[in-house]
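Structures follow.
One chain, chain A, appears in both complexes that follow, with chain B as partner in the first and chain C in the second.
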Partner chain A sequence: MSALAEGAAHTLPPLSVVAASPAPLLRVEGLTVAPRAAPAAPIVADVSLSVPAGGSLGIVGESGSGKSLTCLAVMGLLPRPLIQTGGTVRLGERTLTGLSARELVAERGRRVAIVFQDPVASLNPVRTVGRGLTGLLRLHRGLLGTPARDVAARLLEGVGLSRRHLPAYPHELSGGQSQRVMMAGALAGEPSLLIADEPTTALDVTTQLQLLDLIERLRAETGTALLIVSHDFGVIARSAEQVAVMYAGRVVETAPVRALLRRPAHPYTLGLLASVPPEHGRAHRAPLPPATTVARAGAPGCAFAPRCERAGEICRHARPPLARLREGFVACHHPVPA
Partner chain B sequence: MSRHYRARGGRGTVHAVDGVDLSVVHGETLGVVGESGCGKSTLGRVLSGLEPPTAGQIRYGGAPLPGKDGAAFRASRRRIQYVFQHPLLALNPRLTVGAHVAEMARVHGLAASATEARRKAAAALADVGLDAALGARYPHQLSGGQRQRALLARSLVIDPEFVVLDEPTSALDLSVQAQVIELIGRLKARRALTVVIISHDLRVVRVLSDRIAVMYLGVVVEIGAADQVYHAPAHPYAVALIAALLRLDPDAPRVPPLEGEPASGGDIPPGCRFHPRCPRAAAPGRALEPPLAPLPDGRQVACHAVAADTARAPWPPLSAGAAA
Partner chain C sequence: MTRFILTKIVRALLTIWLVVTITFVVLRLTGDPMHSLLPVETTPPEVIETYRVLWGLDRSLVEQYVSFWKGLFSGTLGRSFADGRDAVGIIVERVPKTLVLMGWTLLATLLMGIPLGALAAMHRGRALDRAVMAVAVAGHSLPEYLIGILLIWFFAVELRWLPSSGYGTWAHLVLPVATLTGYFGAQFARFTRSAVLEILGQPHVLAAHAQGWPGRAVMLRDVLPNAAIPLVTLFGFSLGKLIAGSIIVEWIFAWPGIGRLLITSVTHRDLAIVQALVLVFAGAMVLANLLIDISYVLLNPKLRVIRR
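So, the complex of A and B:
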């Protein structure tokens, strides 16, 4: 039986599997993002994801795959030249898509907060840590004066820093400390969803481990759900229950983390996993050939086909839908056998 | 060998590299790993002669490495090449990569004519897997992986004996990193190069190196065969560094992270530099800096606790994992 027929027979809205939990906290459906100047040439296309309350989803992909833009679109923070041209983002009962800037500000921070890759660029250099945190506490929780300072100190203690850091300026902090301050700020509004976009990429490995442990501990304490974006499967394996793999602006595979790491179904996922340098033996042949052209979400056929050794004729003209396979969903005409 | 810098503003001294003894054997690949600020890039620049050591000396093929001025230095560039960390900064933005590589051949007197230089450049670019058409492009028109290849071609066009690669794969996507690793592995095998690879990425270093040196705050704390250091590290810092690597398995055993952060090169703890963060630190570590001492299995480790283990127990207590 051809893989296509098998896939097509079971095509379901991808949400039904990603949202294994009955009450998804975040639901992204058909999200499409394009340049304002070229709305017909999307760079994120038809992305559907969901994160259950208290759960975790990892998005993995290489640069340009659209993983960070997906997060920014969820937050309503797309840069000016880009626009969401389709799909909806819902957080709990509330639809975020279409909210005014003012309404979004109220949602952001309080219900959903984001931590970026570069903490140094994300912190205001002329504000002390204490002023930054008390500002957020006033905005999100209406706290002022001494109560705000006390809560700010407690937030710092929660991320492994202390009251002593309140008067510090960002340049006086190390990269790991800055990322902890970012985390304290993100948690100031007690959000139900934390989005972390490459939160440890700029950190050394021992500091990275400290921060991932911190995220894990805070989630266990507060029940905050997590949407984590990374190019590093190790980070995803450590912190996410579900994974979505993105390529050229689309989700090409999504599955529970163990299934995805042990039995990847999309040839791209397989190649990416095999690209991690092995722990035994010498350098070997790179599993994925270089991309010869920039893969585009809007192109006909499968965007990965030019680099795919499993690609056949159909892959070049028919885009594979995200269809149920084994424990997950895969967008591939010729998925990797189990 | 040491390399110190005056701290910014002239206050104090930064000990970037502080008394490192090591040798690189002809034809081998030595990997140097450590976290930011450990001095690995400084070590690479001094090893390749781009910066003079503050103390100590570097001998290359029996003779001291020449200082940065004069004909002797220029001649040494023919044999020793340092490949910079940021291809976009290291490549000339106003030259096509083909012209840049050709210029390198001309400067070193390896091409009598412009035509010959171009021919050599095309061959070098082909050698690193860059299509001739890409030679006509400017650095900003290339992808990250292509720039890294162009930078390698620029150094390899003069056929050096010794190459220092500083973070050759950082900032590259995983699939591109795998391509660059494949390329470096292939070039090493074909050209009998002696290579020093500097990287914060232990997996990359292990897969390409014969030996690995682990640095912490300006000193080498462990050096030995790559698989030995990676799979059965002895120094407590090396142990923590390797334990912090994230496995591609959600069920991998969790290890508690190393606490704290390294001090800076301007404020080095007395005694063993690692002792404030070390789970095995005891009184002697606070007073005396441990020397890099050989273990019976051939590697060298700078740690009082490891030295005590070795003296006390019949060898080999530590290599149990290495044998596996």
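So, the complex of A and C:
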């Protein structure tokens, strides 16, 4: 099976194998996020990820698994009650962790851009699409007047809208159109990494597909790397080459998308996949049992153990490290056999 | 938009008519003005009767009302009972003095209230926020006359820096404007703070930060323009309160504007002047509300579509 050959690890493996991977564009190492009020109780713990230049990584997991917080931490935009207590975020040659607020501002939009889940609310309701885009072009590329308007129009055309949308206010746009405008804004600074945090979740199904196609096309045209977050395996499978599964603030499995879909190693991944309606003749598996307690990243043992039918005694006491298995890495004492 | 403004203007005129009519009737039903103008016991009845005829008070209410409107359309509002001068002339002479007071108050209120409120919101829960809000709550809770008297006591009596009353120089302006700003600035600071806090929590503010806008630009481009929409509502309410407040402040500081004129005219039952002043106040309120309605539409693009 060619799945083995696809396994050029884009997600950060343990240090022993780092040397083998190509120099990544985004490298997150040991990222830990905790409330300021309780630094010892992390919400995101020891997350390591990497995205190669021009490559793509999907993060998948249930709500509350720390996907979005990981993205915000990469942008340096954690909400005030939270703080990064450990780890480093590196973008290209530059270490973002520890930069001053002003230095971080200079990176945002230019080197790394992000689009969020709720596109309609993400647009300033009192500013037209055109003024929003020309503002960004002035900020990032120093463009003014007619050249700025022309580039703004071209950006809109690039995302499947047109010059006619320049004078439109956000409330005159549909959800899909709003997300296209957000994408145009994200690309205004020609970033080398685009983060898409649940970019299609708020949209209806047909619009979702169009947007995923658009993301794919834009990546092909601009060579931008992509970090896409979703709770939906369908979205990840469509837009990412590599996937990281997060549970309770930790990465529990990472592998090339196709390998992971074919042979999930972590029982949680298996359960997540079983929650997706079967397709391509895949056998229907039992979905995940509901969580009865709040899973915490700081708890001893494996956070998934209470919901896991494979869990043994060791799972409750010792947290499994992320270890190589088949084409990827899995943090599990009793991984699902191939 | 034209239709919208026309409807508003018709309603505004209706409001003015109602206010003027009600005042007219109430003023004439609450006692004979002769009793406060002339010492009734010692004045010969013929004299009182002569003045009654002179001012038209001998005629029926309806007749007086009709002649009032006739006068209004020919540009006169009667004569002052006290000194016989033309009411319009007296008011025109005093309106600018009140406008100076209100204008500086509004300027000081906006320039202090909005930045302080925004600053407090940005430092939510920290020392600066608490300090600003403590002062604002005090300013908003104390009545104007108390603030005014405290300021007079401190700056005029104790320090002797500023005159306690009167009109004419910049120094005379400071205490009355400070008194009014103490109240309105506090109100604006509190309201701006909550409006800004609400906008700060919205996704488009996070998006603006993510797009690489520096904090100050986010404040000026995203937060304040959106927070301005509820602030305009407060501004509209405040104009009414400002008129009321300036009446009190003009009285305390002997400021020769229309507020002080209103109090003296009411005390002397100088009907023509009171009537004319009510018309001016009603007109000012109605005009202010009309401008507020129009600025809503200008500030909030969502309303523009509905009105189209």
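The rule is simple: the second predicted complex is superposed on the first by the 309 of 338 C-alpha atoms of A that agree within 3 Å, B and C clash if a C-alpha of one lies under 4 Å from a C-alpha of the other, contacts with A are read in each partner's own complex, and residues count from 1 in each chain.
Basically, a residue touches a chain if its C-beta (ideal position, glycine included) is under 8 Å from a C-beta of that chain, and two chains touch if they have at least 3 such contacts.
Everything numeric in this text was worked out from a predicted model, so none of it was measured.
Colleague: After the superposition on A, what does A:77 contact: first (chain B), second (chain C), both or neither?
Modeller: It touches chain C, and chain B stays clear.
Colleague: For A:213 in the superposed arrangement: first (chain B), second (chain C), both or neither?
Modeller: first
Colleague: Which chain, chain B or chain C, is in touch with more residues of chain A?
Modeller: Per-residue touch count on chain A favours B.
Colleague: Does the superposition put A:110 against chain B (first), chain C (second), both, or neither?
Modeller: A:110 contacts chain C only, not chain B.
Colleague: Which partner does A:185 contact after superposing on A: first (chain B), second (chain C), both, neither?
Modeller: A:185: touches chain C, not chain B.
Colleague: Check whether A:172 is in contact with chain B, with chain C, with both or with neither, and answer first, second, both or neither.
Modeller: second
Colleague: Return first, second, both or neither, reflecting whether A:164 touches chain B, chain C, both chains, or no partner chain.
Modeller: Neither partner.
Colleague: Figure out whether A:273 sits in contact with chain B (first) or chain C (second), or with both, or with neither.
Modeller: First partner only.
Colleague: Which bits of chain A are touching chain B when the two form their complex?
Modeller: Chain A reaches chain B through residues 62-63, 174-177, 204-210, 212-213, 231-235, 237-238, 257-258, 261, 271-288, 290.
Colleague: Could you list, by residue number, the parts of chain B that touch chain A in their complex?
Modeller: 35-36, 145, 173-179, 181-182, 184-185, 200-204, 206-208, 227, 230-231, 240-241, 244-252, 255-259, 261
Colleague: For chain C, which residues are in contact with chain A within the complex?
Modeller: Within the complex, chain C contacts chain A at residues 202-204, 206-215, 217, 221-222, 225-226, 229, 299-302, 305.
Colleague: For chain A, which residues count as touching chain C in their complex?
Modeller: Listed in rising order, the residues are 75, 77, 101-102, 105-110, 113-114, 116, 118, 121-128, 135-136, 139-140, 169, 171-172, 182, 185-186, 188-189.
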